[in-house]
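Per-chain numbering from 1; labels A, B, C and D assigned in written order.
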Amino acid sequence: MSFRRTPWVIVLAGAALAFVPQLGLPAFYDSLLYLMLHWVVLATSWNILSGYSGYFSFGHGAFFGAGIYTSANLMARHDWPFLWTLPAAAGVAAVLGVALGAVVFRVKGVRGELFALLTLAITFVIGTIVVNTPLDGGNGVSLAAVPVPKIGPTPSATFYLLALAAAVATLLIAWAIQVSKFGAGLFAIHDDEDAAEVLGVPTYRYKLVALAISCALAGMAGGIHALFLSYVTAGDVFTITVPLTVVLMSVLGGTRHWAGPAVGAVAITGLLYSFTAADHAVAGKAMIGVILIVAILFMPDGILERVRRLWQRRR
Amino acid sequence: MNFTLPSLSLLSQSILSGIFVGALYGLMGLGLSLSWGLLRLINLAHFAFAFLAAYLCYQLSTMGMDPLLTMVVIVPAFFALGAGLHWVMVRFRVMPFNSLLLTFGLTGIAESVIQSIWTADFRKLESSYAQQKFKLAGLFVPVPELITLVLAVGLTFAVWAVLRYTDLGRAMRAAAQDAPVAAAFGVNQKALGLALAGTCAALASVAGVCLALSFTLAPSQMYAWVGVVFAAVMLGGLGSALGPLVAGTVIGISEAITMAVTAPSWAPIVSFTLLIVILVLRPGKTA
Amino acid sequence: MKTGKLSGLDRRAAVAAIAFAASGFAFAQQPSGPPIRIGSTLALTGPLSATAQIHKLVGEIYVEQLNKRGGLLGRPVEWVVKDDQSKPDLARTLYEQLVTADKVDLLMGPYATGAILSAMGVAQRYNKVLVHHTLGIPSLAKYDMQFPAWSIGSDPATTVPNTLFDALAASPKPPKTVAVVTSKFPSIQFMSAGAREVLKKRGLTEVLFLEWDFGNRDFGPIANRVKDAKPDFVWVGAIGLEGNLLLDAMKKIDYLPPQHFYLYPAPGPLLASPDARNALSATIFEGQPPFTSNLGAAEFVKIYGERAARAGFTDTSVETQAAASYTAWQILEAGVVGTKSLDDKAIANYLKTHKVDTLQGKLRFDGTGNFGDDLMRIKQIQDGKWVVVWPKEVTAGGAKLLAP
Amino acid sequence: MRADGPTPLTEAPLRAATTTGARGDVLLRVQGLSKSFKGVRALGGVDVEVRRGEILGLLGPNGSGKSTFINVVSGHFAPTAGSIWFEGRCLNGLPAHRIAGSGIARTYQIPRPFGHLSVLQNVAVATMFGGAARNPAAACRQAMRWLEFTGLEDKAGARPDDLNLHQRKFLELARALAARPRLVLLDEVLCGLTPSEIDDAVALIRRIRDQGSTIVFVEHVMRAVMALTDRIVVLNHGELLAEGAVGDVMKRPEVMTAYLGKAHA
């Protein structure tokens, strides 16, 4: 696939998918697809810093949560219209990320697992602040009274279209970074940060920009999700679930390609969804575990890489 | 945040409580740290192993066995389980972050197994130890927690001594640092890896027994420990034997003091801010 | 499509009528025709599953009983239940699936606050009646056709603490000083905040107020601070295990509060704990007179006990969760039977204008947010059993609040 | 790591054109350069000038500060004291990537290729960030030329792990050159190579100079030092010991002492 064809494929696929609400399918497909795209945005945004540059962050929940609470508070307490809160959510998350990165990325020793730990700790710190201040206060924030803008024919379709737009934008950004000089620099940082710096890669700035982009996208996804949930509680947001899930999705799909996390997100969301029948709920959970294990044993470089190799062999 | 000046007995009793819970963090973290640092495998299933062991301990105890005696059965069983898991990991050459995914799958399976055998209900082991406590220098010392502390400290130092003073331990550390060189010196890495992975799982099962002694169990509770134990492990330094206990105790005590002097709901911020400060100021030289 | 369905209904109704006539009045008729499908989700896996399994068992029992009685409108009832994995966003999606893809006839609510609100949003968009089990914060219910099965009234944060302090005031040792310790779990914190207001108004002294983060593990320092404060009475705003953990921690420092109340404890383990004697809690139902003379209660308590034991539950008694769950089904059945239709609007109107006879007694839904009376009762662990001790009219055998 | 003595070399072909170093203006001026690690002094006030177009050999026994010198000049470590001037600009306090951007490239003694990138991509990264090419496509085209220059063109698609040491050293060189630096710092590129590989490498280094780059060259292989350098600088205990043409300097008694110990003085 040539370089320049990819963005058109992403945009056209997005445009085609935008017609799904018009197909007359039962409305819940919009919600299901929304959930998938929501995770596509989160996993892909995580991958921009963590997959490309190798700085595995366990703090994605913090930035996602910052977006949720920014959006929720602006809507519930300051009567902002929903769509206007989204840039604010992205902005707050990005500022938070840059503030963290500006300190952390200056410290040479904080790499690998220490970076993972630091970002995990940030999640709990922010969660504690949110639950102990009027941002949440412990009672959660109810958004039942906030109107959903009429972008799609139904509220669920609106969320779906918003997430679709976010996913298309995120994938375009992830692709553009991967094929750019910026991306080359991030991949070099992944393998040997010192050597990259000496070759001229502005490692500090690159990491900071990648983190800012990653956080902004996660914050935006959080902003949309706040209204989708319509009732947000700190206990559900600032957990290890979000970072763990995005790591799993990205690793399953493949972290060295812009599309990998998206593939993983669709696969895992689909997998979780396909075991919701109550009679086999517990067995279903075990089944998901088995599938994950088999996938990682037989596709260690991710689904995408595996498919690519099969494709090449065929040709 | 209102600060109140605590009484001395309140403060010391709280610190003691922090030490006890910190010891459990350390005990749970010990095997995780060894596996992560020396085998380069991030074993999320460590928590599942601990809970599985806790439930087994609960089961055997309700059938009349002494909870501590159940370790005779549980520990070897988990040693085998851990070694078996490692065999699979080696066979398929699983990379560190892939191991996270794989063991996450395993954790889900373990949770399902627990839920289908023992239901999602809360289970509390009512052992003869649960009621026992004694008073020492004005402080109450509950026996189950004391058992946890003794096991945590004992096992931590035992592992530390083995790693530091025995050929086996030196070989393990060498293999972790530079596998090819270690292989060149005739270190049988495969056997070592299996033994170490088995030990880690065995340590998880001991932590599980301690868990059963002093906590109420529920299948999904296993995730509640992940964050804080990961923190203790990473703060303590991967592969370090003493690290998790030291870091776990630091976290436990700092949270306990916060709870004693101000609103308990602020406790996580103190321990995790402390952790961030340590990381930023002294990266790589923790514990 | 619509007309076809209607005529089908008519035919079925006719068949049912004939069957009814033929079988006589003494025996319930065999339900016939296509089943009425009732859809809901429960958190069967994940952190909320401990309570969800109660609701699943209750639902199964009720649907079985219902079908044995002849189903609804002569048709058999089928319960379509899905696992929302304790995730509110999945609950929303699954309710949409139930409504738009599975096209269930009626909805039944889930049980946790987050999931209930998710389901309520869907119900509102599709104009479905939603009867829900245990919504802890009534003010969050802003939908016209939602009906609470847990009769805590529209302002439980005031009424429930008042009931409790009434009970304490009538006890042999009315407390003067109170410690309020509470989890920051939304539905808990809300009640604890109300309790603080109430005790202030009643002239009691608050000697300690502490909040902990949901998921706290080390209760030692909290127990110590309670002990230091020497309160006459401790309000423990705890959910699930937290009450036990705090009690364990108190025991470890050789302390037992003179009087103590637990808001939403996991009932089994608390009962099993030897230190929980005299512990108070709130409930809407207990398997004892006079509750057992309420509609369906005696039979349900018996069946639930058997089935819960068979399923391996630690606690086999019927209390708030199981009772609220059973009540929800009774409300839905009353609505359908009362209107003889599956029309959501009609059912909602009927419920708002009629009292419904349930496990908890007669319930009304004409108050703020469709909430009726606060039927929360105060119970106490006495001799290893929960005994209702307040208000007097629902106590059995002269049971009284004991104060050591 | 060997500390080869100053064995006189006889291979004539290697020595040929090197003695005629063009005496240009000063490209790099290092003044009073010091570097300490937690109080342990690795460099103690070194003054060195590198002239445009020359090959300067940097010699000294193990631990004399040669590698530290390269690490400080390339920005890997910040100097404790002293100043570094390159083409008349002061480099003090600049991050490593800015130093690289101003025209200084280096190699590592133990090659540090980017393990997950192909050989071509490894060089392309250097091309892009050295400022020689703007977009990735142009960078790849240029990188291919550098692979041809170093004889690695067949390996363009391979992973660094699939290369042997010799090839990895050449990849290291190709990466350094791809940025089109005016000054190349070579840290023991010949260490660990076989004699015939050394001959290849020496020829390559000469071609690099012919391209117009100035070279500072840390090396123990005296044969190559003799063959390539115009001047040498000898460090000992972090201080400048001697400076001059290779033949003269290696005969000085203090240099012999430093290399071979007191007995030989």
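Definition applied: contacts are C-beta pairs under 8 Å (C-beta built on N, C-alpha and C of every residue); 3 or more make two chains touch, one makes a residue touch a chain.
A quick note: this is a predicted structure, and the numbers were derived from the prediction, not measured.
Novice: Taking each chain's centre as the mean of its CA atoms, which one is most distant from chain D?
Specialist: C
Novice: Any idea which chain sits dead centre by C-alpha averages?
Specialist: A
Novice: Where the centres are mean C-alpha positions, what is the separation of chain B from chain C, in Å?
Specialist: The mean C-alpha positions of chain B and chain C differ by 37 Å.
Novice: Using mean CA coordinates as chain centres, what's the gap between chain C and chain D in Å?
Specialist: Spacing between the chain centres: roughly 77 Å.
Novice: With chain centres defined as C-alpha means, what is the inter-centre distance between chain B and chain D in Å?
Specialist: 49
Novice: Of all residues in chain A, which are in touch with two or more distinct other chains?
Specialist: 128, 131-132, 138, 282, 285, in rising order.
Novice: On chain D, where are the residues touching two or more other chains?
Specialist: Within chain D, no residue touches at least two other chains.
Novice: Which positions in chain B touch two or more other chains at once?
Specialist: Within chain B, residues 111-112, 115, 223, 263, 265, 267-268 contact more than one other chain.
Novice: Show me, using the given definition of touch, all chain pairs that touch one another.
Specialist: Listed in label order, the chain pairs in contact are A-B, A-C, A-D, B-C.
Novice: What residues on chain A touch chain B, complex-wise?
Specialist: 56, 58, 103-104, 107-110, 113-114, 116-118, 120-125, 127-129, 131-132, 138, 239-241, 244, 247-248, 251-252, 282-283, 285-286, 288-293, 295-297, 300
Novice: Which residues of chain B touch chain C in their complex?
Specialist: 6-7, 9-10, 13-14, 16-18, 20-21, 111-112, 115, 118-124, 126, 131, 133, 135, 140, 142, 145, 214-216, 218-221, 223-225, 228, 252, 255-257, 259-260, 263-265, 267-268
Novice: How about chain B: which of its residues touch chain A in the complex?
Specialist: Touching chain A from chain B are residues 1, 36, 88, 92-95, 97-98, 100-102, 104-109, 111-113, 115-116, 223, 226-227, 230-231, 234-235, 238, 263, 265-269, 272-273, 275-276, 279-280, 283-285.
Novice: Which of the residues in chain C end up touching chain B in this complex?
Specialist: Checking each residue of chain C against chain B gives 45-47, 49-50, 52-53, 86, 184, 210-213, 215-218, 220-222, 224-225, 227-228, 240-241, 244-245, 248-249, 251-254, 266, 268-269, 272-274, 311-315.
Novice: Going by the contact rule set out above, which residues of chain A touch chain C in the complex?
Specialist: 26-32, 34-35, 128, 131-132, 137-140, 142, 144-145, 154-156, 225, 228-231, 233-236, 272-273, 275-278, 281-282, 284-285
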